[in-house]
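Each chain carries a letter (A, B, C, D, E and F) given by its place in the written order, and its residues are counted from 1.
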Amino acid sequence: MSNAPQAASQTLAPATPFYKPQGNEVELFQHAFKHQLPMLIKGPTGCGKTRFINYMAAQLGRPVYTVACHDDLTAADLVGRHLIGENGTYWSDGPLTRAVREGAICYLDEVVEARKDTTVVLHPLTDDRRILPIERTGEILHAPPEFMLVVSYNPGYQNLLKGMKPSTRQRFVAARFDFPSSDLEQEVIIGETGIDTATAKRLVNLANSLRALKDHDLEEAASTRLLVYTATLILGGYDPVEACRAAMVEPLTDDDETTAALMEIVQIAFGK
Amino acid sequence: MSNAPQAASQTLAPATPFYKPQGNEVELFQHAFKHQLPMLIKGPTGCGKTRFINYMAAQLGRPVYTVACHDDLTAADLVGRHLIGENGTYWSDGPLTRAVREGAICYLDEVVEARKDTTVVLHPLTDDRRILPIERTGEILHAPPEFMLVVSYNPGYQNLLKGMKPSTRQRFVAARFDFPSSDLEQEVIIGETGIDTATAKRLVNLANSLRALKDHDLEEAASTRLLVYTATLILGGYDPVEACRAAMVEPLTDDDETTAALMEIVQIAFGK
Amino acid sequence: MSNAPQAASQTLAPATPFYKPQGNEVELFQHAFKHQLPMLIKGPTGCGKTRFINYMAAQLGRPVYTVACHDDLTAADLVGRHLIGENGTYWSDGPLTRAVREGAICYLDEVVEARKDTTVVLHPLTDDRRILPIERTGEILHAPPEFMLVVSYNPGYQNLLKGMKPSTRQRFVAARFDFPSSDLEQEVIIGETGIDTATAKRLVNLANSLRALKDHDLEEAASTRLLVYTATLILGGYDPVEACRAAMVEPLTDDDETTAALMEIVQIAFGK
Amino acid sequence: MSNAPQAASQTLAPATPFYKPQGNEVELFQHAFKHQLPMLIKGPTGCGKTRFINYMAAQLGRPVYTVACHDDLTAADLVGRHLIGENGTYWSDGPLTRAVREGAICYLDEVVEARKDTTVVLHPLTDDRRILPIERTGEILHAPPEFMLVVSYNPGYQNLLKGMKPSTRQRFVAARFDFPSSDLEQEVIIGETGIDTATAKRLVNLANSLRALKDHDLEEAASTRLLVYTATLILGGYDPVEACRAAMVEPLTDDDETTAALMEIVQIAFGK
Amino acid sequence: MSNAPQAASQTLAPATPFYKPQGNEVELFQHAFKHQLPMLIKGPTGCGKTRFINYMAAQLGRPVYTVACHDDLTAADLVGRHLIGENGTYWSDGPLTRAVREGAICYLDEVVEARKDTTVVLHPLTDDRRILPIERTGEILHAPPEFMLVVSYNPGYQNLLKGMKPSTRQRFVAARFDFPSSDLEQEVIIGETGIDTATAKRLVNLANSLRALKDHDLEEAASTRLLVYTATLILGGYDPVEACRAAMVEPLTDDDETTAALMEIVQIAFGK
Amino acid sequence: MSNAPQAASQTLAPATPFYKPQGNEVELFQHAFKHQLPMLIKGPTGCGKTRFINYMAAQLGRPVYTVACHDDLTAADLVGRHLIGENGTYWSDGPLTRAVREGAICYLDEVVEARKDTTVVLHPLTDDRRILPIERTGEILHAPPEFMLVVSYNPGYQNLLKGMKPSTRQRFVAARFDFPSSDLEQEVIIGETGIDTATAKRLVNLANSLRALKDHDLEEAASTRLLVYTATLILGGYDPVEACRAAMVEPLTDDDETTAALMEIVQIAFGK
C-alpha cells in the first residue's frame, strides 16, 4: 500500500481557494481556532460551507481532512481500525485520528447523518479534555492547539431521528450560512467561470426567481454550484435555455408540471 | 485469480453500439465530459439509458464500468476492499476506483437503490476537488480529465426512503429520457433484429396502445427491449400472437383480467 | 474436499424425466434458448415447473443448476465467495458462475424471494451484454450461447415488498403455468406411480373438488405432487381415506372446521 | 475435539422408549418411511411428538438427529460449515448432513421457527431428487432409502410471519397429534413414574378440568409432561396441592386471578 | 489467559449466604434437584432470587454459574465458541457447558431477555434426555444428576415480544417470589447491615408506605436491596432523610412531583 | 502499539479540577465510595457531571475511566475483546476491566444509551458479589474496595425504549444535579475564564432569561459550558453580541423566529 505520498497531498496546505465572506464567519472561525473551540456550521446545500473550510485552512496554514458523513459512518471510520497484515494485525488511523496527530482541521460534513457511536469520540474532543481515546488500542491522544474540529449540517432537512443531541450540540460555537447576496453571488460566478457580467446577472436573477418557489414546489432551492455549472455550459457554447434546463431545472425536480413551470421562467430570462 | 485479462475486456473501448439520439442528449453529454461535470440521467426502464452510455463511451473512446445498484451495494463495493492472500491482506480495487485510475466512464445504474454510504465517495468526486479518497488505505486519487461519473434512476418508482438527497442531486447536470418516438422506435427494432418494416410498425403501434393503459392497469409501460424480444421470436418463426403474449404481455402483468384485456389488443394487432 | 465428482453428477445431463406439455411451453423454451433470451416461468406450487426445466435441459442436452431462492439468498450465494485454505483465500464458484462457465441452464426457483443484491448479477446477464461480472475477483465471464437463465415465481403469494422490479421483469420472456387438465393429470399420476386408472380418476376428481374451495378456505390448492403422494400410499396398502387425509388434507390446512369439510369430500370420493 | 464417540452415542439406536399410539400414526410413519416420503407432524406442546419420533426410530432401527429450531437457525446450522484448523479450513458436517450420510432420521422440531434459508436444503431433499446440495463445498449427497426427514410445528401458536410456505408444506405427508385420551394419559403417567392408579386418575381429571379453561384464561393447555412432573413430586413426598401449584399452575400462568382460580380447582381435586 | 484459578473461585461452593425462606421454596428446590427437574423462579426486582440460588447451591454443596440474560445473549454465549489460538481454533466452553460438565447449578437470570436461539440448548436439557448437544463440535454432553438448570424472570415487566414460549415454559416446575413480610424484611436488614431494630422497623414501614404507591406513580416498588443500601448509609453517619432520598427515592423516580411526594413520606418517617 | 504510556496518563490521578459543590453530592459520593455502593447521577447537559467525577477522583486519589455511551456500545466495548496478533489471538482489556483491575473509578456517561448487553457486566458488579465475569476468557475479577462504578443520564430526554430497567436502577444510590445557582455559576465563569465580574453577572442573567424560555421554544436550556465559551470569545476581543449569538443562541436553536427572539434578549443585555 502506497498511501503516504497521496495522503500528504490531502493534508498539506492547499492553494487558497477563491472565497467571498458573507458576514463575520471568518473572524468567528479565527477566534474559535485561537481559543481551541470546536465549531458548528449550519446552512443549505451548495452555499459554500466546504469551500469556506478549505479557505480558512489555507489562511491558517493547516491541512484539512473532510469526511462526508452518512447513515453507516461509525466511530471506527473516523478513528481507525485494525487490519490484518503479514505479521498479524496492525492499526490504521482514520481521518480524525490523523487530523489530531498532525494538528489539522477535521471537517465532518452533514454530521447528523453519522451513526450515533461517533459521539463517543466527539465528546472528549469537544470539552476541556481535548483528548481522543482510541478504545481499540488503549492509546489516548491529546489534541495539539492547532487541531480544530468543525462539523456542519443542513437545518432544512433534519428530522426527528437525526437531530443532534443537545449534549453534543452545546459543545460547539455555531454560525449560520445562507445563499450569498445577489451582488456577491454574481461575483462568485464570474470569479469561478470567467463569464460576462450580463449573463452572470441574468443567472442570479433567474436563481432568485426559482428560489422564491421553494417550499411550494421544490424540496430545496438552486445552489450557487448549479449556477456555476450553468455558466460553464453557456460559456462552452451550449444553448443557454438548454443549459438552464440541464444544470438548474432537471437537478431540482422530477415532476412534469414543476419542470414546465420552471422552464417558463427560464424562457423569460434566456429565451430569444 | 486470473482477473487482469477479463477486466481488460470490459474496460477497453467497445465497438460502437447502434444508437439513435432522442434529443440533445449527445451534445449535453459531450459538454459535460469536456467540462468535467458529472451527469444524471432520468428515465423509465428499457428506454435505452445503458445503451446511450455505451454509445457515448465508444464515441469518446473511453472504457466504461457499469454497476447495477441495489439495496445492499455499499461504498466498499464501489471503491474496493482488502482480501486475504498468501502474504496477508492485499487491496482489490472496485469498479469506481478502476474507472478513476484509468480515466474511464463509471456508470451507476439506478443509483438511488444503493446504500447511503456511497455518498461518501460520490461527493468528493462530484465537486471541484474531483478526488476519490480510499479511507481503508489512506490513498487519495485525483480523477484525470477523462474520468466521468454518470448516474441514473427511474423517477417513476422512487419512494420517500430512496430519494436522492438534494445535497447529492445538486452536484450533477441532468437529462431526462423517455420512450423513443414511433418512427425512431421502429428504426431501433429494425436495426437490432432485421425484421421487416410492416411488422416493426405493427409492434410499435401495439406498444403505444399498451402504453396508453399505464397508470390504469400496469405498473410500468412496455419497454423497447420487449419489442425487440417479440420481433426476435417472430423472426425465429414463433407464432406472432404467442410471441406478443410471451414477450410483451406476461412480462408486464400477473393479473388474469389485465392479461385478457392486453391479449385482446394483441389479437386486433396480430390475429388472423 | 471431494466436490468435483459429486458436482459432476449434478451437472451432467440427467435421464429425461417424464413430462407432459400443458401448452406451447416447450416450443417457447426452445425459441428462447436458441435466441439466447432469459425466461420467466410463473405458476402455483407443485404444478411441475422444476420438472419442466429438467425435461427441457435433458432435451437440449444441457446440465442444469437449480437454486431454491429464499430471504437470505444473496448475490454471493449465486456467484461464489472466497474461502480460506492452507495458502490463504481461494475462490469458490457459486451455482450461477458454474452454469455460465459450463454453458448450463441455471434455474432460480421463486426468484422474488432472493435478496435484492442478486439483481446486480442478473441484469448484465439478461441484456445484450450477457456477461457475469465477478466483483470480488474482477473477472468478467461472457456467457456462451448454451447458457440460459430461467427464473420462476408463484404469482399467488407475492407481496408488495417482494414483487419483481419492472426493470428486472422486462428482461425476460415469460410463460404462465397452471395445474394440468384432468386427463393430463390422470396420466401424470399413473405415469409416476403405476396406480390403476379408476383410482387415478377418483383422485383427480377429488383434487378438483378441493381446488374449487381455494380462496375460500385454503391458502393454496392441492398440487399434483400431493396426488402422487396419495396414490403412493394407497398403492402401498394404506387405507385410501386415511391416505387422502395424510397426503391431501393435512398438508393443506391446520383449521379444524376446514379439515372436517375436506374430509367429508374425501369420504364421498373414497369412503365405503 | 473428541466428537466422534459422543456423536455416535446420539445416533446409535436408543433403547425403545415407552410409547402408546394415539391413532394410526405408527402405521402412517411406517408407510412414509418405506416409500421415502418426508413427514410433517402437527400438535400442541408436550403431547409426545419427540417421544414418538424416538419410538419410531427405535422400531425401525435407525439413529435419530433432533434439532430444536429457533429464530436464528440457518441452513448452515443444519448442513455444516467450515472451521479453521491447523491446516486451514476444514468442513464440519451439520446434523442434517450427518443424518443423510448415515441414513438416519432427521427430526426438525418446530421447523416454522427456523430461518427461511433452511428451505434451500429442505426442498431438494423433499422432492423426487432426494439430494442435499452442500453449496459451500460443491458436494451433492444422494439420500439413501433409510434417510427420512420429519418436521413438526404447533398450529396453536403460528403467526402470519412464521407460517410454512405452501410450496414447502405440500412436500410432506402430515399427521395431527393431540393430547392423549384420559385412559391413555393415565397409563402414560403410571408408565413413566410408577405412581398409583388413583392418583394418576385424579391428575388426569384435574388436567382435563384445567384444559377446559384454555382459550379463556390460558395461552396453552397443561401438557402430559407437567402431569408427569406433578406425579414425580407427589411420589417423592412433596405435598400434592403444592406439587400441583409448582408443576401445573405456575408453569401455565403469571396472572394472580387466574392462579387463584386454578388453585381452587386443585383444592377440589387434592385438598384434604 | 489465566482463567482456571478464577473460574474455580466461582464454581467452588461459596460460603452459605444469609437467607430467610419466604415459604416452601427451599423444600421445592430440594425435590426438584433430587428428581432432576429444571426450575423456574418468578418474582420482582431485588426480592432475593439470586441470593436464594446461592443459598441453595451452598446447602446442596454445588457450584453455581449465574448468567444475567439480555437482548443479545445467544446460545453460543451459553455453550461456548471457537477461538483462534497459535495452533488454529480451539473450543472454549461457555458457562452452561461448564455447569453441565461439573454437575453445577446453572442460573439464567431474566431468561426471557435472551435471544430465542437459546431454546435450542435449553430444550434437550429440560426433557428426559437431559443432554447438551454442542452443534459446533458435534459433542453431546449427558448431564450428571448433580446438574440443575434454574431460570427466572420478572412477570411485572414482561411484554408480548418477550414472553416465554409455552413449549419452553412447560418444561419447568415453578415458584413465585414476592417481597418478604415486614418481620422477615426487618430481620434481613439487620442481618445484612447490623443496624438497630428501631431504624430497621422504620425503614420497613417506610418501604411499605412507598410500595402502596406502586402502579400509581412508580414503575416498580422499592426492593429490599434499596433498604439495605439506606441502612448502610445511615449506619455510616449520613443524614437519614438524605440517605432515604439517595437510596430509596431517587433510584425509583425521575419525576419532580413524585419525588416531592415520596420525600414528604420520608420526612414523616425520619424527619426531626 | 504504544498504548501503555498514554493509558497511564489517563488513569493516574489528574490535577484536581476547579469544582464548586451544589449541595451534598460530595458527601454522598464519599459515603458511597467508602461503603462500595455504585452511584447514579442524573442531570441536564453541561451541568458539570463529568467535572464532578473528575474532582471526586482527584480528591480520593483514584484514576478515572470515562466512557461516553451510545447506541452501539456493547458489553465487549466495556470488558474487552480478543485481537489477532502474531501468535494468534490475545486479550485486550476494555475500560471497565482496566478500572476493576486497578481499583479505579469507571464513569459511564449517559448509560441509558448503551446496548442492553451491558447489563450482563453491570449486574454482578453492582450487587454484593462485586465481580466482573469475563465470559470470553472465563476469568472472574473481584473488584477491590477502591473500585467504584458511576453512571449518569439526563432525565430530560429519556424515552420509553431507552429507560433503565428497574432491575438495573435499583442497584445504585442516586443524586440529582441541576444548573448551579446564579452566584455559583458566576464564580464558575470567572474561575474558568478570568473574565470581569460585571460581564460574568450579565452573562448569568442572560442565561437565566433564556432558560426561562425552555419547554416553550427550546429543546434544552443553555448550559454553563456555553456561558464559558461566550466569556472566552468576549475576553478574546470578539463583539459581545456576536459572541452570544455564536456561543449561546445558534447552538440552541435552528428556528428563525426563535433565533430572532433570543437575539432580542441578547441585545437588551449586551447591545450598546
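We adopt the following convention: contacts are C-beta pairs under 8 Å (C-beta built on N, C-alpha and C of every residue); 3 or more make two chains touch, one makes a residue touch a chain.
The structure displayed is predicted, hence computed values, not measured ones.
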item: Path length in the contact graph (chain C to chain E, fewest steps); value: 2
item: Number of hops, chain B to chain C, where each hop joins two touching chains; value: 1
item: Distance-maximising chain from chain E - centres being C-alpha averages; value: B
item: Classification of the chain E:chain F interface as same or different, half of numbers criterion; value: different
item: Chain A-chain E separation of Cα centroids, rounded to whole Å; value: 52
item: Distance from the mean Cα position of chain B to that of chain A, given in whole angstrom; value: 30
item: Junction residues of chain D, two or more chains touched; value: 84, 87
item: Residues of chain B that touch chain A when the two form their complex; value: 24, 27-28, 31-32, 34-35, 37, 40, 42, 74, 82, 84, 87-89, 91, 115-117, 119-120, 123-124, 127, 131, 133, 135-142, 155, 158, 165-167, 169-176
item: Complex interface listing, chain C residues touching chain D; value: 1-4, 6-7, 9-10, 45-46, 50, 66-73, 77, 83-87, 92, 94-95, 109-110, 113, 154, 157, 219-220, 222-223, 225-226, 229, 232-233, 236-239, 242, 246-247, 250-252, 254, 259
